[in-house]
Amino acid sequence: MLLNGVVLAVNYALIALGITLIFSIMNILNFAHGQMFMIGGFVVYYLYGLFGVNYFASLVAVVAVLGVIGWCFEKFFFQRMRKMATREENSMLLAVGTALLLENLALSFFGEKQRGVPPVVSGVFKIGDAFLPAGRLLVMVLALVLIVGLLLFVQYTKLGRALRALAQDREVTYLMGVNVDRIAALGFALGAALAGLAGGLLMTVFGINSGVGTVYSIKAFIMIMIGGAGIVPGAILGAVVLGFAEAIGYALLPGSITYLLIFVGLIVFLLFRPQGLMGKPWG
Amino acid sequence: MRIIHFYRRQLLNGIVLLALGSALFSGSLLAEEVLKIGVLGVMSGPAASWGLVNKYCAQTSAQLYNEQGGFEIGGKKYKIDIVAIDDRNDPKLAVSGCERLTKQEGIHYIIGPNVDTTATSVQPVAEASGAIYFPYAFQKSLYSPPHGNAVLGMIASYQAGPIIYKYLMDKRGVKSVSFIARNESDPLDQRDQGVQAAKKLGLEIKSSNDTYEPGTTDFFPVMSRVVSNGADLIVLSGVAPADAPLLIKSARELGFKGILSTETAQDIKILNEVAGPAAEGFISVGGASTPEIRSPEMENFVERYRKIAGEWNDEAGTKVYALEMILQTLRKAGPEAINNVELFKKAMDNFSMKNPFLKEDKPLKYVGTAYFSQARQIGVPMVVNEVKGGKFQTLFVGGVE
Amino acid sequence: MDQATDNRCPATAGEAGGSLFSWQALGFTGFLLLVFVGVPVTFGRLPYFITVLTNAAVLSFISLGVWITFSIGRMNLAQGAFALVGGYVTAILATRYGISFWVCLPLSGLVSAVLGALIGWPMLRLKGVYFAMTTLSLTEAIRLLALNGGDVTKGATGIVNVPPPGTIWIFGRMVVPPFSSADPMPYYFLAAGMLALGLVAVWRLSNSRLGWVFRSLRQNEDLATSIGINVAKYRVMAFSLCCFMAGTGGAFFVAFQQNIYPSTYTVADSVNFLLYCFLGGLDYLFGPIVGAFLLVISFELLHAIQDYQALIYGALMIFCMLCLPNGILSLRLRRFDGRRNPKA
Amino acid sequence: MPILEVQGITKRYGGLIAVNNVSFSVEKGEIVAVIGPNGAGKSTLFKLVSSFVPPTSGKVVYNGQTITGLPPHEVARRGLVRTFQETTIFKEMTALQNVIVAHHLRCSASSLGIYFASPKARADEVSFRDRATEILDYLGLGAVKRLQARNLPHGHLRALGIAIAMAAEPKLLLLDEPFAGMNLEETDAAVEMVRGIRERGVTVVLVEHDMSAVMRISDKIIVLNFGLKIAEGAPAEIQRNDAVVEAYLGRPDDELGH
């Protein structure tokens, strides 16, 4: 049960990190995040599942594809919107629109069926009373590596620092001579790539279909709300909380009651602590 | 200002194009006698495959008949025109879709909708406008008097359940059972019926209140609860084709050694892709789809279906029946029945023909009297499959009265 | 631009009473004529169109509520939740206690409004994304509550066979004929009536001082507090009005479809209500109506190109958002400004 | 009786003490200024007095009644009205609409009355419009009253902020940095404006950074540093006060911090 919580938490963290990255840079809640996750899964399905490309090479392709999608979204949609719109709600609704577009595109191109791929590794580990299939372990390890890699990247590279600066203060970053639009597009691409990677990893365990997007988007929202929107450690913490809440809840209660409690808990939590566990107050 | 004008022009162009497009599409099928059949179901979103399979089946059969110059009723050949509407599983859209089919298109025979929510929503409209519809939803009130316009298109799980359980008790020594259901109207209903049937047969019910949310992807937690009850058999009640392989995989990964079964149709490709070897031994209900019992006509259909839909879906083995039954019953009832469903209903009562999709010579009838006290169900043969070596293998063929 | 805006809303409430004869009123009269005379005469024989228009009318009625919360500067994703609450109130009262639909309809709105006030009181302290996310959670929470409601909501099996609205007799005269599913016309009239009433009510609200107070909340809550406006009170007032509309709208659909399930309103529905407002234009009272009618009708029109229906629908929406970020109605206004004020 | 008495008010944020046991009083008709270097706690004190932030301890007495703990709109209703440091206005209304809305407290009609445009509500609105026009004219905004507020020139924005506050008919007006970012000429005009407000019978408390303007108009000055009151007195006394001079001149870093 707790082991399962760990596996869930690590994977959720990957999703949450992507969405929190985009949020911190642009103050946009990326509604299409789940759809990006889904597309990442499909890229792996086609490359690894159908054409027999090496799994890790497929993951690299996921980064490339989603990076381009994210970059285009920011470049052609959100940048434009920010310059034209008079109300802050507009970007958020545009994000909803992009989610709808991606989902419908996926339905047209990938079809409606559930897809899966052969396991990358097989076997099941038994730890005490708990079972840990090797596939899950692999996904967990890869996700952990990615998370650590991302944190190092944001902390120590030039681009990472520019992203952080942008997240803190748009104006100042602009004055510092950084090309804000370009960095923002790169940030969006990075966030999208993370969502896609999460999809590429998790699809080996759970499979994928065109309709899963919204579910993951909502989970991502819950996580960053718990942790504090736009805060990197907050996203990880949020993922841990949600992962364990789900694992423990499902083990003790019927499924729908678990989520009922999670939602009610989230509402009550936000009422008392709108900034999340680690975040600064927003708005 | 110029920019705005530019966009406005584009917008206008778009609207004109749209209008033109729709005019073209509706104008293309004129000339001969046309028999329009409606398909109403969910064709987008997570459950899209249910409605899409209905649509593809109807289109495939229609294409096959139209190539032979149409379907003959009362000496006249009719081109079959399929009008499909996506209700997105939204009752609001189902109602307006049904209005559109019945009132706008003048259609009296509709295949679908796919779930209780939408099926019960279209009931008043269909009855008021004199249309027969073929839902793939199990709510009994749809088919029982005083309602009489709905015809169940498949074997209901509460019909298949007892037969499967009995078989497994006799042949596999199953003594206890656990249920897991998708938390929606139809599946929960199926589970309750399944539990009753199992009790009647004397099976020990180890657990029955585990459910999962539509949209769940990680079934590990819920499955570990079910597996821990230690039943010989786990019944997946009303699981969607997308969920079944994940459930099976989780159960096997958790070390479950017993039998897994479901009472709904599944898709072998999805099972293989997602569950892989874990799908071995999984028992499900299909239509006349397994290769060993198919007739040549069915083979022909399968091939054409592949062309239209891109790939075969085993669900289609069940859903192929609806249009065939509509057409054959119309032939028997005569051309007046096209616009008068009362004649159709009368013809249903003692309708019988050779099942064209089976190799074996078996009759195809309307059944369901035992459940709905009137014959409001297509007598689809109940083929129980087991996954063996990545393929469905027919365990036995049963039927419903 | 600025001049024109000022002319559009000349002052606050004082003059609104006098503007009854303005072009707004004229437009509204035209709208009434179209809805109650034009449509029945033109489409009376086409029940399918009538059903589509009925759907669009009630959906825009519900969206009007969302528009009110937009006017206090909150993105409300809980409208689906309150529509569900309203729907269940009607369904339960009508099936279990046999209460007439005509009593259930306002009652559903009232229950939703009270619930909205109770939940809204603490929740409206949140702003921006946080409010949006909390309301989104609420939509899910209410759906799950209905799913686990046991005997009260009948869980996932839903409540079916809800009787249609009955006859109204006043002094022995039949004022409203019984509704039947054979004829969508009475439903259409009811829907159109609700929309017209809702429109007048919200129009009145938005032109009165209350509307200006709401707008002041959107622009700056602290400043509003500093001049003595009880921010919390007006926020809750706006929100529960919004919930009232959701509740009555939900009740209508129960009577129209004669059933309700937990999945009747989901997050997708809540999002749609927002989109209707947004596409029409958040600054215009007619925004949600234009948006809802356009989206509902264009979705139906796109049936012609079945396979790509959803795809084109999505693309069209993005196109509108990018080219008309302030809504479709902003087109008309910009042109209007351009003529009067060539330099703008 | 003083119109405002602040008694030992303290505000802590976590371990940080923003305002530490500050007391002072303001007589009717006075102009009192609170000054201090950046980070001295002026803004916090301002929020404490206007009840936008609850104090950790101490209380504020206004017109003989304790107002600590009352919601800020209630405090405004009693006649203690604040302005904002930034150019806080209702950006998407015209200047006139801004001031008309700000008459909210003077509404004699109920919400329902307003909704149905009862005669009372109509009379209200007519009088609000007249009064708003009068206030705007008085503050020199008559010519721009039909402009969308967000397009007003910078200097006018602060005047509009004050006009909004005046519409609430304050007995005590709290001005937050009314001279910040102004050049000499503008400051002169603003000083005249503040004097004019006092002439209309309004007591003024202002928080300000600009020493010279404050020296010219204040009857009394209170100096804060690190949350503590370090001096209080007439402008001339303050100018001679060593502690004040040190606070301002001895720590040039603070000045640059903004």
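Labels A, B, C and D are assigned to the chains in the order they are written; within every chain, residues are numbered from 1.
Keep this in mind: a residue touches a chain if its C-beta (ideal position, glycine included) is under 8 Å from a C-beta of that chain, and two chains touch if they have at least 3 such contacts.
Because the structure is predicted, anything quoted here is derived from the model rather than measured.
Undergrad: Which chains, if any, touch chain A and chain D both?
TA: Per touch definition, common to chain A and chain D: C.
Undergrad: Pick the chain whose C-alpha centre of mass, unweighted, sits closest to the average of all protein C-alpha coordinates shown.
TA: C
Undergrad: What's the chain with its C-alpha centre farthest out from chain C?
TA: D
Undergrad: Averaging only over C-alpha atoms, locate the centres of chain A and chain B and give their separation in whole Å.
TA: 35
Undergrad: Need the CA-centroid distance for the pair chain C / chain D, whole Å please.
TA: 41
Undergrad: Distance from the CA centroid of chain A to that of chain C, rounded to the nearest Å?
TA: Whole-Å distance between the two chain centres: 33.
Undergrad: Could you tell me the distance, in whole angstrom, between the mean C-alpha positions of chain B and chain D?
TA: Spacing between the chain centres: roughly 71 Å.
Undergrad: Any chance you could list the residues of chain B touching two or more other chains?
TA: Correct list: 44, 183.
Undergrad: By the touch rule stated above, which residues of chain A touch at least two different other chains?
TA: In chain A, residues 104, 107, 214, 254, 256, 259 touch at least two other chains, as defined above.
Undergrad: Which chain D residues reach two or more other chains?
TA: Nothing qualifies.
Undergrad: Which of the chains touch, listed as pairs?
TA: Chains touch in the following pairs: A-B, A-C, B-C, C-D.
Undergrad: Mind listing the chain B positions that touch chain A in their complex?
TA: My answer: residues 43-49, 52, 183, 209-213, 215-218, 220-222, 224-225, 241-243, 245-246, 253-255, 267, 269-270, 273-276, 310, 313.
Undergrad: Please output the residues of chain C touching chain B within their complex, sorted ascending.
TA: These residues of chain C touch chain B: 46-52, 55, 59, 147, 155-158, 160-161, 164, 180-184, 253, 256-259, 261, 263-264, 300-306, 309-310, 316, 323-324, 331, 334-335, 338.
Undergrad: Would you mind writing out the residues of chain C in touch with chain A in their complex?
TA: 70, 75, 122-123, 125-130, 132-134, 136-138, 140-141, 144-145, 147-148, 267-268, 271, 274-275, 278, 282, 307-308, 310-311, 313-315, 317-318, 321-322, 325-326
Undergrad: In the complex, go through chain A and note every residue touching chain B.
TA: That would be residues 1, 4, 8, 49, 104, 107, 111-119, 124, 126, 131, 133, 202, 205-207, 209-212, 214-215, 246-247, 249-251, 254-256, 259 of chain A.
Undergrad: Using the touch definition up top, name the residues of chain C that touch chain D in the complex.
TA: Listed in rising order, the residues are 1-3, 5-6, 9, 11-17, 204-205, 208-210, 212-213, 215-216, 219-220, 222-223, 225-232, 237.
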